[in-house]
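Take a look at the structure below.
Lettered A, B and C in written order, each chain numbered from 1.
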Amino acid sequence: MKFIIKIGKFIDSVFEKFALVSLVGLVLIVTTQVMTRKLFNFVFFWSEEVTLLLLAWFALMAIAIGFRENIHLGIDSFTNLFSKIFNKVLDKIISLSIFAFGLYLVVQGWDFTVLMFDSTLPATKLPSSVTYIAMPITGVMICGYAVLQLFNINTTRHKDIEEGM
Amino acid sequence: MDTNTIAIIILISSFILLILLRFPIALTLIISSLVTVIYLGVPWAVIGQQMTQGMNSFSLLAIPFFILTGQIMSEGGLAHRIVNLARLLVGRVRGGLAMVNSVASLFFGNISGSAVADVSSVGSVMIPMMKKQGYEADYSVGVTIASAIQGVVVPPSHNLVLYSLAAGGVSIASLFMAGIVPGVIMLIALMTTAYIIARKRGYQKAEPVPKAEIGSVLLHGILSLSPAVIILGGILSGWFTATESGALACLYSFILAFGIYRDAPLRSLGKILIRTLRTVSMVFFLIAASAAFGWILAYLQVPAMVTDLFLSVSDNPLVILLIINILLLLLGAPMDMAPMILIMTPILLPVVTSFGMDPVHFGIVLILNAGIGLITPPVGTVLFVGCAIGKVSIQQGTKAMLPFFYALLIVLLIITYIPEVVMWLPNMLAK
Amino acid sequence: ACGNKESSEPTAGSESEKAEYTFRLADNQPADYPTVIGDKKFAELVNERTDGRIKIEVFPSAQLGDEKSVLEQVQLGAIDFTRINASPLAEFNDQFSALNLPYVFDSDEHLWNFLEGEAGKKLLTDLEQSKMRGLAYYDSGSRNFYSTKPLKSIEDLEGQKIRVQQSKINIDLLDALGASATPMPYGEVFSALQTGIIDGAENNLPSLDSSNHYEEAKSIIMDHHQRIPEVLLMSKATWDKLSDEDKEIIQQAATDSVVTQKEAWAKLEQESEKKLKEAGVEFIEVEDITPWKEATKTVLDKYGKDYQEVLDAIDEARP
């Protein structure tokens, strides 16, 4: 069991690091693009395309991590009027819906990846699928977080880092 | 009933039901879109496709860049240098620290667009300072949160970028120009309100900045403001796109904070990146989900119906604008900034353009409305954070915020009904 | 997808129970643009010829998404029709790239001879592998260079900084003409012309008009370097569920709508030309295309070999 937890945490850390590195990468690529354009009047032909690709990956990964960190909140003014049990059941239903959403990303994302395999991105000539394959991958992560939350396991890893505080 | 009407009912009722059951807003948008799409027999995959498409935009990238710059500025000690500058400029007025607070908020300007980051960075410097000087806690909180709202309208602001995307590519440069005059009016309104209360309660001027320090306060204040200047200058001069300016500002504020000031150790970069990731996560999920929701709205031709509905109520633009403002203020109570912009823009923009309102003008009106929503209960993120920092209850905070809230309402009416206030600068730019 | 729940699959032979459909057609241009006028004509013809059984709702102004997004929706079968430029179709069927090559068509007549011939039609039907079906070509005129500096002959392009769409062919084309290609987003071109970051750009006449670039760029040389048509496309998923009779009606209506679209295009092009001339834009007609062809032969040689069959067909279509 301990071993499984270790592996899970490792995968999760790699996933998060990849997202953070993408963000830094995006800053660097765009800065390079500005520099080459302003100083040498040329732009690497792949830069905009790679930027968009990295952005799609970064965005999807950020969304998945948001589920882990419980960032995607709802409005609880109405549900506060109800009993604790009602809210506990509701928590489970919400976790199940998050799982279903993750599953949707896996299934449809995979279909889409296959569908787009034949078409190419204009500059790099990579298959268009490289964008869409981020969907099933983040889908798997979201499913994982949802299952843990379903079993009342706290998935937040950055409790200490409140936004801007 | 025809298929379209039933589909619209399914879409709206599932949305309301899930929102009431505290489902995350973005997830609600996706689930109600999915249910509708299934009912219509449209392939499910289109929702995923729209989500990905929603994030496939170069201008969207400006948002994480602005947020990251804002985080570096507050973590790296740039925020308190800006406060010092504001103290130098307006500290000697009665109730000086309140003025400092307003000006610092305007300067810090919420590049991040997350007014929450603004209130917590400026607020965590200002509120304790004000309390120490004998200002009541509730007043300190009221001034801080109202001032933070300036940042959403005053450029650079990631919310304006968000609106530009939601409105189908309204010029970011024009929006930034358009935010300047309303920002100044807001500052005047807030400072006047703060001054009146300060007189009534007998608050004093702030301690003067020692003569010997004036030079360095000026220098570092201006240096700390320069990331915002890069973004603004770059965009308004047409030299850089918003995204490019954002990337440059990230790099520049990084060098300033970690190369020159070194208030924070380099390892705090991890914390900065994760905080950025958290805010971006929320905003991006909303963008992706709103893209899917917006698509199904367009597919069902809802915006056209809403326009017809408004025009059937009244054909007087002034009346329609009043209704829209009231609607937005009511929606702003429970809704946060980003969902408000992303959900309401595709629905309301066709209404106002039908009587010739400029999308740039409407953008500023919408965003000020959404900004006011941030300080109104029951869901007011800025209000909550401000109260947490100032250690006052939500009730106290709300009461203290009220005079400023009224001041902001007056500003809202001015910018709604006097288009020149908003459009004067962007029209100059166009010429 | 059909937006009509009550519609049933057509049952073979029973004429009285023909399927009813409501389809959606997406266009990224505004409602009065020639392509949308063509779309509407197509919808009207289909509606007429099926006695209202098949309705096609036209969604102009990119309401359902930009070009790329709408194309994916058509592939998925989420929407049924779209009108898009032929150029991005090269990402699905690379033979379309031949149409992007410079100076391959001598005249409009040459272009339409090719498009309406067998090879032109084959390009459309070959899109079936990508889950879509081309129905007809629409007119989009030709692209020409314009500049803030005088452009009287091919030599004038030398050393000028010209904005092009980001593609290798375009960049090499500008290199071959001795100009310097400056890719940048379309929305930034106007201010870049103002500040002198670029000297010029290239586009068709209505776009030069609507973008207001002519306020800065007062010189246009009509070299017609590219004539890239528009395409009316259909989702293969939608196509496959139609009866043979409906397929024929739709194909014929698409073909018949071309006349209306071309008229609308010609009218708009004339209006733009008139307006541009009144605004003081100087037009230079290129009488002899030979020096342009010779200067850019390297581009054709470099990229043409992959599409030799299409290029041969283009040559044969020369009137």
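Quick note on the criterion: contacts are C-beta pairs under 8 Å (C-beta built on N, C-alpha and C of every residue); 3 or more make two chains touch, one makes a residue touch a chain.
The shown structure was predicted, so the numbers you read here are calculated from the model rather than taken from an experiment.
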Top-ranked pair of chains - ranking by C-beta pairs in contact: A-B
Most remote chain, CA-based centroid, reference being chain A: C
Whole-Å gap between the CA centroids of chain A and chain C: 36
Centroid spacing, where centroids are CA-atom means, of chain A and chain B in whole angstrom: 24
Distance between chain centroids, defined by C-alpha means - chain B, chain C (Å): 40
Interface hub residues of chain C, defined as touching at least two other chains: 72, 76
Contacts with 2+ other chains: residues of chain A: 48
Per-residue overlap in chain B, given as positions that touch at least 2 other chains: 45, 49, 56, 58
Complex interface listing, chain A residues touching chain C: 37, 41, 43, 45, 48, 115-116, 118-123, 128
Chain C contact footprint on chain B (complex, rising order): 3-4, 40-43, 45-46, 49-50, 53, 56, 58, 168-169, 171, 237-238, 241, 295, 298-299, 301
Chain A contact footprint on chain B (complex, rising order): 19-28, 30-31, 34, 44-45, 47-49, 52, 55-58, 60-61, 64-65, 68, 71, 74, 114, 116-117, 120-121, 124, 239-240, 243-244, 246-248, 250-251, 270-271, 273-282, 284-285, 287-288, 334, 378-379, 385, 389
Contact set on chain A toward chain B in their complex: 19-20, 23-24, 26-27, 30-31, 33-34, 38, 48, 51-52, 55-56, 58-60, 62-63, 65-66, 69, 71-79, 90, 93-94, 97-98, 101, 104-105, 108-109, 111-112, 131-132, 135, 158, 161, 163-165
Contact footprint of chain B on chain C as seen in their complex: 1-6, 24, 57, 59, 62-66, 68-69, 72-73, 76-79, 185, 187-188, 191-192, 194-195, 237
